[in-house]
Every structure is written in C-alpha cells, then in structure tokens.
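Labels run A, B and C following the written order; every chain starts at residue 1.
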Amino acid sequence: MSIVRIACLAALAAAAFAAENNTFLLRNATVHPVSGPAMENASVLVVDGRIAEVGAKIAPKGKVKVIEARGLHVYPGMIDSGSPIGLAEIASVRETVDTGEIGDFNPQLRALIAVNPSSEHIPVVRANGITSVLVTPGSTGGGRGGAAGSLIAGQASLMHLDGWTWEEMEIRRGAAMQMTWPAIQMPRGRGGDIEAMLPGLAARRITFAEARRNQQQQVQKIQDFFDAARRYQKAKAAGEAVQPDLRYEAMIPVLEGKLPVMITAVREREIREALDFAARERLKIVLAGVRRPGKALEEIAKRNIPVILGTTFVPPLEEDDPYDDPFTLPARLHQAGVKFAFASFGTQFARNLPYQAAQAVPFGLPYDEALKSVTLNAAQIWGIDAEYGSIEKGKYADLIVTDGDPLEIRTQVKMMFIRGAPVDLESKHTRLYKRYSARP
Amino acid sequence: MRRMILTAVFLASGLPAADITVVQNGTIHTVTKGTFKGSIVIRDGKIAEVGEKVMTPAGARIVDATGKHVIPGIIDAHTHIALDSINEGSVSVSSMVDVTEMLNPESVSIYQALAGGVTVCNSMHGSANSIGGRNVVFKMRWGADARGLVFDKAKPSLKMALGENPKRQGSPQGLQIPGLSPPQNLRYPGTRLGVEDVIRDAFTRARAYQREWKDYETRKARGEKLLPPRRDLELEPLVEVLEGKRLVHAHCYRADEILMLIRVFDDFNIRGVTFQHVLEGYKVAKEIAERGHYASTFSDWWSYKVEAFDAIPYNAAIMHRKGVLVSLNSDDAGGAELMRRLNTEAAKVIKYGGLSEDEALAMITINPAKQLAIDQWVGSIETGKDADLVIYDKHPLSIYSKVEKVFIDGRQYFDRDEDMSRRPKIEAEKEGLRKKLLDQQKQAMPQNRRPS
Amino acid sequence: MRKNSLPALAAALPVFAFLITAALAETVNWTAIRGARIVPVSGPVIEKGTVLMRNGVIAAVGAQVDVPASAWVIEGNGLTVYPGLIDALSTWALPQPAQAQPAAARGAQPQQPPQQQQQQPQQQQTRSWGPRDRPGTFSWVKAADQLQPGDPRLGQARNAGFTSAAVFPRQGIVAGHGAIINLGGKTAGDMVVAPEAGLYLALRPSGYTGFPSTPMGIMAYFRQLWFDAGHYRQALALYAADPVNIPRPAYDRALEGILGAKRVLLPAADPVQLERMLGLAGDLKTPAVFYGAVRGYEMAARLKETGTPVILNVRWPTRDRDADPEDQDSYRELRIRDLAPTSPAVLSQAGVKWAVSSDGLDSPRAVLRALKQSIDRGLKPEDALRALTLSAAEIYGAADRLGSIEGGKIANLVLADGDLFNDSTRVRMVFIDGVRYLPEPEAPAPQGAPGRGPSHSEEEQ
C-alpha cells in the first residue's frame, strides 16, 4: 500500500519523504479552515500528524519536507455521518454483508470489529475527499442484511478510511448507538397499483388500528428493554450481585446520557415520539433519516437535537410534495436553527456525499453550511470536533488538497492526508480505467 | 392536479398571438454547433433561428436569458417512469406486451422530470425477461393525455435483458411465486448460457414465422385458397427487429454477455442495438464500436450486485474514446430522481475521464437522440429542430445550477417561479376541499362505507 | 301469469290470492293499475292514468284505458308507477364465492369491491406460460346457466324497485357471458330475458399464476385471443368448404366463446384507463361497454366522441375510514371525492349513454341514495331514472322489451308512494313479468349473509 502511495504522491511532493511521514509544510495554497474564512496563499504546517500552524507566513523549525500546493485548495477531510462501508461489499449478496444482525436489541454489537480494511469501497470513497465515516451496523434495507427491522442495531463506530487493520482505522469505536423508531406501517399504494396487485398481496393489507397496535407493541418492547437495562444499571450501582449481561452493560453509557443514540425517524409522528421518549429517558440523541419533520421541526430546534440527513437525491415522498422538497429540506432545517450533517447511508453512492450537500445550495442552503455539514458539523455532532472537522491548530491533519471546491463535481482531489499521513487515491476504479484504456 | 392549474394559467394568459418566442442573450450550448452568447427564435414550436445576433420579430414573446444558460432538452434513453406496470415477468419472451399501453400521463414523475430539464425519455419494459416488451418514447408534455405525450416520430423499440435479472426466476433461490412449489416455479433460463439460447430460439422462430407469412402471401398471390398463418403477437415485434424496423435496447452488465449478444446479432444481421447499463462495456468497447452499436450507461453506479462489481465511473469515457456513441441514463422508475439531475451526471464524465463539456452534454442530449433515432428533431439547438429547451440559472454542468424554465415544442411547460407561486394556491384549495368533504360526510348517510 | 305457484305463500296472503290451477293457465290474465301517477320514461308523465297488463306484458298505458271486466284492478291512488329498475352490472342471482367473508372481515379490506373478493386465488398448481394456456379464460361460461332463483339478494333488490339486471360472471380475466335477467321467477329459465349480454373482461391478474401477470400482459393476451378466434373462424369456414383437403380444426371452447360475444365489458375507471380500453376495444373489433368510470366527470367528451356507453359504479369514493389520521389526502384524491358524484350530471349533459351498477354498494337501495347525491349536485331526476331503466335496456339491446312503460314491453313495474329518489319513499310493490311482489322485511344482515329465507312471491289473477 505504501508503495502505491509513494508513487501517487511522487509527482506532487517529490521531495516529501525525506523526513517523517506525518510532518510537512503544505505551501502556497488557498486554505479553507471551515471554522473561519478562507486564506489565500497560506500554508499549513503539520507536525506529527497534527496541525501545528495555519497562516500566510510559517517558519518551521528545522528541516521539514515541503509540499508545494500553488493553485490548489486545502480543506478538512469530509466525514460521512452514516454508512455501512467496510461491512457491506455487494449489497445484493448476503455473504458480503454484515449489517442487520438478527434480533430486536443488539446494543452490544460494535460495528468496527467487522470493518474490512481491504474493502474495495474504501479507496473509491476516499478518492472523493472523504476521510472518515460513521460505520453503522444497522440493516441497509431490503432485508438483504438479514434481520431488516431491528430496533437497536448496535454501536456505530467512527472510522478513518485508511489503516492496515480496523484498529488503525478507529477514531471512536462507540460513537453512537444506532436505533430505529418504529413507524406505523400500512401498505400504501392506491389507485392503479392496487388494481394490478395480486389478490394475495391485496389481502395482506392491514387496518390502521392493526398497524398502530403493531407499532405500539414495538414501542413497548423498547420501553421494556430500557426499563430492564435501567434496573440492571441501578442494581450494579447499588453493588447488588447481578448476572452479567453484555446487552445491558452496553446500554449503561446510553442511560447515563454519555453515548448518543442515533435514532432513525423519518416522519413527524416518529420524530415526535422519539423526542418524547428521549426526554423521558433523559437520553442524548441524534435524529437520522429525517424527511418530513412537519411541526416537529420547531421542537427539534428548541431542544438542540442534531440531525443526520440522508441523501438529497431522492424523489419527493408524497405526490403533492413540491418537486424540490428533498432539495430544500436542508435549508429548512438550517432556517429553523437545527444543526445537521449528511450521511450517505449506503456504499455505492457514498463517494457522492459532497454533491449530496451541494445539491441543497441552489435551493437555499448557504454554501458555508453545506460545507460544514460534511466536515465541522459532523465532527461536532459526534463529539470529535476538538480533533477533527476543521483546519485549526491542534487538530489532526485530516486534509484534502483539491483543484477547486470539493462540493463541485468536476473538482479533483489531488492529495489526501489522514492524521498527517499521505493517502493513496488510487482505487479499483482507477486501476481498471488504466488497464482497459490501454487495451489494444 | 398541477396540470389543471397549468391549463388554467394558459387559458388566462392566452397563447402569444404570433406564436413566436425569442430566448434572448443567454449562453447557448447548442451541443453540436458550439457554445456562444446569443439568442434563439422559436416559431410554431420549432427553432427558427439561433445565433449571436438574431432578428426579433415584432410581437414575439421575449424570454430574457441574460446571465443564464440554455441547453437542448435533456433526453433520457432509459427510464421506467409513468408506467402503471413495467415487467410482464411471467415468461422469458414477453414481446407481445407494450408499455405504451401502461403510460400514465398523470404520473407526477413526468412533472418532476420536466422540472429537471428532461424533455424526452424512453420509458421501457423491465429487465425480468430475456426478451421483454415494447417501449415508449415520450415528451414531458405535462397535462396532455397519453396519446399527446407519445413522441410518435420515434422509431419503435424492443427491450431485451441479459445476466442476473432474466435468469433469476430460473434459480431455486430466485424470485418465488406464492402458491407454486419450486419445480413449477422455475423458469428457463437459469444461466447466461440459457439466456443466449432463449434469444437465439426466439429469433429463429421469428425467422420461421416471417418465412411462413411470405410463403402464404406468395401462394395466395398465385390464387391458392389457403388458411393464413396464425398471427403471433410475440413474434411480430421480433420480425420487425429482423427487418430493421424496430430498435433493440438490451440490458446488460458483463463483458462476456455483451459480446455474446453482439455475436448473436451478427448471425441475425441485427444492427443499431443500444446496450443499456453496459457497465463492463469499457472492456469490450472495441467490439461494440466495430458493429456500430450504442451504449447507454450510468455515470457512477457500481457494486449493487455481482455483475456490477467491475463497474467504473470511467466507463463512459473509455467507450467514447474507443468510438462508441455513449449516453447517460437514469433508469428511474416510480418517481423521477436521477433523471432530473442528468446534467450533473454528465459532469461526472469530465471528472472521471476528462471529457470536454460538449462531450459531456452530448451524452444527455444528441447522443441519446441518436440512440432513439430521433436526432433529426431533437437533441441539439439547431435551426429546424423542435424547440425543446432548458434554461438554467448557472452552468448546467455545475451542481449549483437549477432549471428555471423548460420549453417543449416551443411551449413553456415548466417555470420555477410559477411553480413556487402555485404552491400556496393548491394548499388553500386542498384545505377548502377537505372542509367541504367533511361537511358532506357529516350529512351523508352511512352508506358510503367503502373508501376511495 | 306464470304457471307455477307457491301455494303456501299464496295462502298466506288470502286477500289477493287466487290460486290458479294449471287448467286455467291458458286464460288471458289482465291486471290493471288504475288512478296512479305514471312515469313511462319513454314519454311524458301521466298524472293520473292506467297501466293495463296482459299475460305479463304491458297491453296499454294512458290517461284513459279500457280495463277488461276480468282484470284484477289495483287502485293506484297516491302511488307512482315507474318502469322496473335495471342494475346494469350485477352479480345478483349468481353464485357467490365460497369464501365470501362476513361484513367485519370485508371491512378489513376496504379497498376491494366485492367482485374482486370473488377472485381469491384458487389453489392452482399450474403456471400459465403464454396465451396458448388460455389463462384465466372462462369464455364458455354463461351467467344464464348459473342463475339461482333463491338468491336472497333478489328480494332486497325488488324492495328497492329493481326488477331486472345484467348479471355477469366475474372469475378470471375473461369472465364469461352475462345475461339480462328478471329478478323474479320460479325457475332460472323463467328469469332469463336475454341469455347473451356480452363478455365480461377484467384487467386484474387473479386466480392463476404465470402469464399474464400485468394489465399490459392481459391486454396483449386479449388481442391474441381475438386474433386466434378470428383465425379459428377462418379455419372452420375453409374446412366446411373443403373437408377433404383442409385439416379439421380442433374444437376450442375458449375461442367458441369469443366468437359468440356480442359486446365486451371493459373497465374504465378514469380517463387514463379509458384511452387504453378504447385502443383495446378497437383492436378487438367488438363493441364495448365500459364499466367503473369513477372519474366519469372527466370522461364525458371522449365517451361522446366515441359513442361508447358506460356503466357507472356509484359507490362514490370517500376517505378511507381506516386511513391513518395523519395521512393527508392528496389533491388528486380530494378532487375525485368531490367530483365523482357529479359524473352522472356531466355525462347526461354531454349526451353520453350511461347506466348504473350496484357493484360495491351495501344494498340495492344504496344505488338510489347514491343517485340522490348526484341529483343534489345537478343531475336531473329524469336523467337518473332513465339511467336506471331505458338507458340500461338500450345499452344491452333490450329496449324493445325492457326499460319503459309502453305497450308491448315486459310488465316490469315499480309502484312507489312518492318520488323514487326521496329517501322516505317506500316501494309498495313491484311487478315482474306481470307478477306482483310485495316488499320483504329488510334484513339487518348485509347482502350475501347466510340464513335468509327464499324469495317471496305471489300470484294474482
């Protein structure tokens, strides 16, 4: 791997590797710290993987390798706030998928331990400027990952997109508990569709009362599980002898409000119920997958609940929704004062994370917010902003060097550093490109 | 629905008396004849003049495009939108069905696509069968009925499919049909070998059928009294393919199956096939180009199934460089999603492979037009072509651009400002209807137990 | 008068009952309704007049009619006489599906009108691989062969003023041939007015698996079936002319059934489906009658242009009671709900021939209530009545015998104590083939519920 790295960077940073691998001066670039205004003709000094200094004139002590970046731009590496990357290779082949474990409650599962550092997705995604990902253990839908609808899927882990092992990739193993708030599910589809529906399918339709009962049973299960976990926590705190239970152990940081719960809630009703539940249980939560917050948006803002938005590249949910509804949602959240970040919630389009954010800009989201939503906001939401998410002194040097705005499709990522170490930007795709371009 | 409001708006404002519109002072991306600052004169739905300086006839409606970008209407060569059913997935050869009959002009996806700058699309039968059904090319004339949508000049076409999808029902782990146990459930073919066989067999039968009719006509002309052959709706479209009267769009992924179909079509002398998806087309670009076949692909899809694991975003660029006529498509079904941002999908061939802006735009305009054999009417901004135009506020290959206006046949079918101002009106109308119906329901007798 | 009688019932009604023996059957039987308000539909209302029936057929109608001395006379003071109502698309008197569910369970599947419930998939273990397997095809089935005079729904229908119906089998996609029937008679044979009313086609894949599995597959299949039938006809003709040299075509009951179809009934719920079905009907080269038309208010111009009659489903859509309360109705749904009851008025105004189906309604009386809603939205009462009588008869080519009060037509009459569309109006009696039927007690149970007694008729002299 490092050999490829060297080959890749040789053109740009020929003399770079004389000194240690994660100490260098990146010079004469436009630096976009995200936390503040852009600086032209500026430099970034990285020492032992951390940003030591950012500014126009930097005089490094001693001999430091210099990377010339004239005409290029430096940004913090982007963060994908939810993706099964490393856990899922080919979405339709069960054997390659390790999301969606069987069972309703699996808080003890930790995403990072099955992250495959050799996944072909990793180089593909980072080539577009993404340096870290919140790897989620939950099902990615379609029931393809096994149990489709678990309520607590496990612990999501923040991972760097580089490393020889998953331990080397780790930023934070327990970054969030992944949970889904059950929705009242009624088979939809009226009119023409039902006409074409096979009678067997049509007969499977259920009433709203039944659907609500099903949902309430699920909610009750969640309540029961939290109650049991709390009894376990109290008993343990009181020094009583308890039968050790890994599931309840894993819940203790959640109950203490230390570990955020990332709750998927798409529509207003689920959001409302999730917010109420979180308040009752005094949980620290992050909402995910929000599509139609409705009146709950005010409440989300009032209670400072951060939101992880999925892709903007979806059609509107309802027939009557404005055609641009998914494009304007980020701006609406921003106007309401809600802090949000973006997630790809998938593998094959994870590399399009920056475009997902950018799509909201022509529809009302300020550009700076779009950029933050894939960098600093994500770091803040996941509590790693002391070390990641912007180009500031003391933070880790997760950097990308580009020939332009990284949210714009035509922009090329020229260099990437993770904790100051240069990262290979080749992938399966570039290799096949070269190979077959050369086919006689 | 929106279209009713639309109609109302048109009636209120009245059509321009002279039916002449001039799009003025925009950056015109003609795609085939360069890009420049200029204007376009639309007369009776056609582009009458385009250039840096044009004559503005008196009484013409003026559309100011200063600071804006104009491109030809986007053409999506592969969708399944606005169809009430897509796959007649019961049989491996379903050429008797025609999705034109399933075109639903009220599907809001048409409006969504329109709002994304798409003016023409090829909405196709699905990929469940080796030989699928007949497809429909239509314009996004939102508000028209099905007959009014169909782009009747387009050459008819037939869908085919290779690989995982058509063989799925031949696998015991594949699609299960309720009520049928596996042996009856299994549908031939279950392998790529069988897919070739089904296709060869179908075209062999079609040839025999063609001969049968010719023999009949000859004998009838000689005055013989004889029974005509039984008309076979499955084979008729295949005969049209053999006779060059019907195009083929073939869903495919892997290089081996692409080459297989090229060779089968060599044997049956079938030309002008558009390989759809064709994600490994870059591996056999030479062979595709040699026969003059076409490719319509995704910008950057990959890894969603095994046969898509070698897909690369450089596919379009490689195929293009090796002489294949390439378009980019959305494959949208249900709602319009990807198709409404094909402009930025095109930008990806600049990112991945370094093609030019014109080459990128061609892949969503003139190239798909050629693949659908409609390029003499649409696909570029040229005098005499249909006035299918999209006005963007910024460069259309930028993610920050958005569609402001769309014209089809010279008529404005989308205007973002109008759309925005319509929203509160529709909400108010809905509220009124809700109240009215609630009042009626209160008075009504309990007979209407059943829902809509 | 008909030959058969039900002595027990007759005896239970001693005031009117004169038992007719077989020996008297050849006598001419006269019945007169005198002094009633008569609405003939085919002509102007007669404020006070007489309808004279002779052996089950209307002999005369007018303000002044000579009534034979032997006639049984009914004083019609305060009553209005209408032609018997016709349900233009019905399953009355046809066997109900074995798996008919109780009302509560039906409510659980609110989106399915009853005729769709009849199409539960049978435990079939064969898969159709194409048109040659004749999937879902019952073109040899005739409703006229399946009538059940004991169907308890007939009494309910008569109570609401219905005396005739066009009934169609509903299984599969080529469901079979309908019949025009009277809703009374001792035997199934008595009930039949016309044994061939048309072939009922559905676009819903059901009751079989395999081809065709989509509406487009079904449409393609219909075309192939009709082509095959045409080919079969040619083959039979050639064979008949030259049985020595031409091979004998194999008998095909499915194709025989297609060749015998006078017309096809096709679904057209909305303008979109209407266009599809107009195309299909054109290809089948068979006259079409469309059914459904929930959005008839948008279909009038096209129906008029093509001269196609339509049978309205008058189960006006309402918000699903079972809907998620937070589920907002779409603009489209709200408009349909608002405008559906205006379809009759719009169709009448455009001059489209339309009739009415009881499909999906809880009771026959609900048909009248539904039309009353339309009258409140601008439908002329006389147009509503015409749809229920003469228009229905005309659509099926039975207007020579049904649909109006005219001399020579079958004596199917309704006697009501007021305007038919007024909810407080009661039907006092109906005549079917000149036989009087008195109202039966309204059952609290819904249609099709088991345990109801047989049909209730009497004979008069």
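Here, a contact is a pair of C-beta atoms (placed from the backbone, for glycine too) under 8 Å apart; a residue touches a chain by one contact, two chains touch by 3 or more.
The shown structure was predicted, so the numbers you read here are calculated from the model rather than taken from an experiment.
Looking at A-B alongside B-C, one finds more C-beta pairs in contact between the chains of B-C.
Legend note: the chain whose CA centroid lies nearest the centroid of all displayed protein CA atoms is B. Averaging C-alpha coordinates per chain and comparing to chain A, the farthest chain turns out to be C.
We define each chain's centre as the mean of its Cα atoms; on that basis chain A and chain C are separated by 62 Å.
Chain A and chain B have Cα centroids lying 34 Å from one another.
Computed from the mean C-alpha positions, the centre of chain B lies at a distance of 43 Å from the centre of chain C.
Counting partner chains per residue, chain C shows two or more touched chains at residues 111, 121, 213-215, 272, 322-323, 331-333.
In chain B, the positions touching at least two other chains are 84-85, 104, 178-179, 426, 430, 452. In chain A, 190, 192, 196, 198, 200, 319-320 are the positions where the chain touches two or more neighbouring chains simultaneously.
Residue ranges of chain A in contact with chain B, taken from their complex: 89-93, 120-121, 124, 190, 192-193, 196, 198, 200, 313-316, 319-320, 322-324, 347-349, 351-352, 355, 358-359, 361-363, 407-412, 428-430, 432-433, 436-437, 439. Residues of chain C touching chain A in their complex: 108-109, 111-112, 116, 119-121, 203-207, 213-215, 269, 272, 322-326, 328, 330-333.
Of all the residues in chain B, the ones that touch chain A in their complex are 84-85, 104, 108-109, 111-112, 115, 178-179, 282-283, 285-286, 300-306, 309-310, 312-314, 318, 321, 334-338, 340-341, 344, 347-348, 350-353, 393-394, 397-402, 419, 423, 426, 430, 452. Chain A contributes residues 184, 186, 190, 192, 194-196, 198-200, 202-203, 205-209, 211, 268-269, 318-320 to its touches with chain C in the complex.
Those residues of chain C that touch chain B in the shared complex are 107, 110-111, 113, 121, 123-131, 209-217, 219-221, 223-224, 227-228, 231, 234-235, 238, 242, 246, 271-272, 275-276, 279-280, 315-323, 329, 331-338, 360-363, 366, 369-370, 373, 423.
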